[in-house]
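Below are two complexes that have chain A in common, paired first with chain B and then with chain C.
Coming up: the complex of A and B.
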């Protein structure tokens, strides 16, 4: 199945549709192209602030699109080094430049072993295909 | 959709305070998330009346707090997204709590909205009302809004909720909420009121509340392919409710703590087209380049008659960037085959751009 979503090879992903760029003990995260597409035009975005800590699977922030408030669940544990202030004011950048200006947080990792639990681009692509197939079956 | 085995709970707590209703949403999400309760459909009613803002909204921008205080209207904040609402004691709300991966429920939000609203549309049909889903998330009758909806999620569980206007006090709503019409003439206010309708107006009478609830429950059951069984709160939910209530009554919850600076400027513009005057009133968040809502009137005639109402719905929370406005208006005129003698899509675009611009910049607004 051909996918219409961009999935850069040099990034990790998780099943909550985050992309994760790991750089030593730090990681930058954002919403994947597939994630932003499912979410729709983003109107509001809230993120934890620098200095706050978060555990893997804990709430990192919230996002609102078309009257839906969704939770952003942290793909990795750590301390927030920086939240993208620009994207908080202009959250549509998540839609228009998911892997660039639409980045959300920079995190100092608490346990780099957690990275092993993330999906490679290939595994994420396979996971998306499974999701799309399920949707098609539902009709 | 196929009827599934395990019955869903039908929960009806009657009329309770805004904080109780908001706390209950959290409690049921928690309980469903930890698998302590079944999937649930809940009716909600409010007493006293209340003004509710969406999760990311700021109370001071959306609600006339002095008026609400004087009238005993409660103010609270929803877990769900969307705009400000006035909810009096005659309105009925409906909610659906279930896992996001429930078979038959689409993952893509816009598809999910359509399915959730379809249950209410089918329910209304049982009452003799021909209603339709209108993207993004309204239910309308002949173009006039009768139900607004929104949702949220916790872990793998979602909450989708909507209001149903049964019998509605529009004048109090206009006073309680900050809407884009405060400075308009009586004729325009009348036109604004025409944007919404209620069961009493559509049917010519108001069916008993029990009949409305039965019809909605039947519609939701049919569309989702589920069986509903009336039930109450579990002991765990009741205990949690007591604790959560304190939080949902607090200023910290009602006013929020992390809301990014927002704006809610009321802007108006009159634009003279060949076909007549176009008057646009918008609520604009200039910093975020967002048209929060738009209201378009004038002495022109649109075909189909509901075109302007649908265009207003389409413009809600859309970009105020001139290029985006032009694209949206043009696309809307084409897809809805809009015809207004003497008024082109470009006239509407120019009127909107005038309203979005600052007074001093209005001479710079040009056709694209």
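Coming up: the complex of A and C.
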């Protein structure tokens, strides 16, 4: 199956559709192209603020699009170093530039071993294909 | 699928049971209507920006902040609620949650059609009949479930709705009420006899049965009642109600899926109301001193709206 979504090779991913760029003990995270496409036009975004801590799988923020709201669940544990203030004011940037201006948070990692649990671009691509197949079955 | 056909419940129960089901990870369909009026904010609505608190307090209209999307709504016994809670691992639930509205709203469409309203989906989540909104709907991921909530409008109090919203002045409020009346419709506009809850609930049950097979009629159990009360306590907390949310640079009120009413201050004693339809200017009204000098108005009708269209005061 050909995928229409951009999945840069140099990033990690998780099954909540975050991309993660690891740089030593820090990571930058954002919503993947597939994630933003499934979410739809993002109207509002809330993120934890600098200094707050988060565990893997805990609520990192909240997103609203087209009369749906959902939680953003942190792909890694750590302390928020910075939230992207620009994307909070202009949340549509997550849709238009998911891997660039649409980044969400910079995190200081609590446990770098957690990185081993993330997906490579190849594994994430395979996971998306499984999801797309399920979506086609729903119709 | 479990069915809780609750009929009349208190205002807070009409919100708390579906939250309770979702937090308990239990699927179910709830039908009900509230015994008294209240105002319901979406999860990301900004209380201070949206609500005329003084009016609500004076009229003793309680406020609730739900954990689903969409905007502020005034709810009362003129509306019948249908609330469907699905586990997120339910294979019927698409990843793009808004895709499910088409299915979720089918029973409501059938119920309206039974009474002669040509209701159809206006994506993502409105129903409209003859171009006028007849049902507003929302959804949200709550716990490990997703809740879809909607209502059938038997009647709607446009006057109270226009009073609960914070607006710049009485003329703007009057225009808001007129705009809602012109762009919304209810069963009362189409049927010349009264339509009761039981009639509508039966039609909704029939519609949901077509999707889910037999529905198991349930009564409220202790676990559900306990959880709903916990949620009521949490959601009654003034801090929860007053959570900040989406801010607009100009007062913006969404009337329906493609219809917005904006306010632009044009001076210390003047403002302009701009009605947008699909992003284009459909009408403009000038209040205060603006009324005498704005001669360009006619030429702006039909124009694509952008921040600088009117110029700056």
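The definition used in the following text is that the second predicted complex is superposed on the first by the 139 of 139 C-alpha atoms of A that agree within 3 Å, B and C clash if a C-alpha of one lies under 4 Å from a C-alpha of the other, contacts with A are read in each partner's own complex, and residues count from 1 in each chain.
Criterion: contacts are C-beta pairs under 8 Å (C-beta built on N, C-alpha and C of every residue); 3 or more make two chains touch, one makes a residue touch a chain.
Keep in mind that this is a model prediction, so the values were computed, not measured.
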item	value
When chain B and chain C are modelled together on chain A, clash or fit	clash
Which superposed partner A:135 touches (first chain B, second chain C, both, neither)	both
Which of chain B and chain C A:62 touches, first, second, both or neither	both
Touching partner for A:92 - first (chain B), second (chain C), both, neither	first
Touching partner for A:70 - first (chain B), second (chain C), both, neither	both
First (chain B), second (chain C), both or neither touched by A:43	both
Common interface residues of chain A - those touching chain B in one complex and chain C in the other	38-40, 43-44, 46, 62, 64-71, 131, 135, 138
Contact set on chain B toward chain A in their complex	54-56, 79-83, 103-110, 113, 136-137, 148-155, 258-261, 287-290, 317, 319
Complex contacts: residues of chain A adjacent to chain C	37-40, 43-44, 46, 62, 64-71, 131, 134-135, 137-138
Chain B-facing residues of chain A, complex	38-41, 43-46, 62, 64-71, 88-92, 131, 135, 138
Residue numbers on chain C that touch chain A, as the complex places them	42-44, 67-70, 91-98, 101, 124-125, 137-141, 245-246
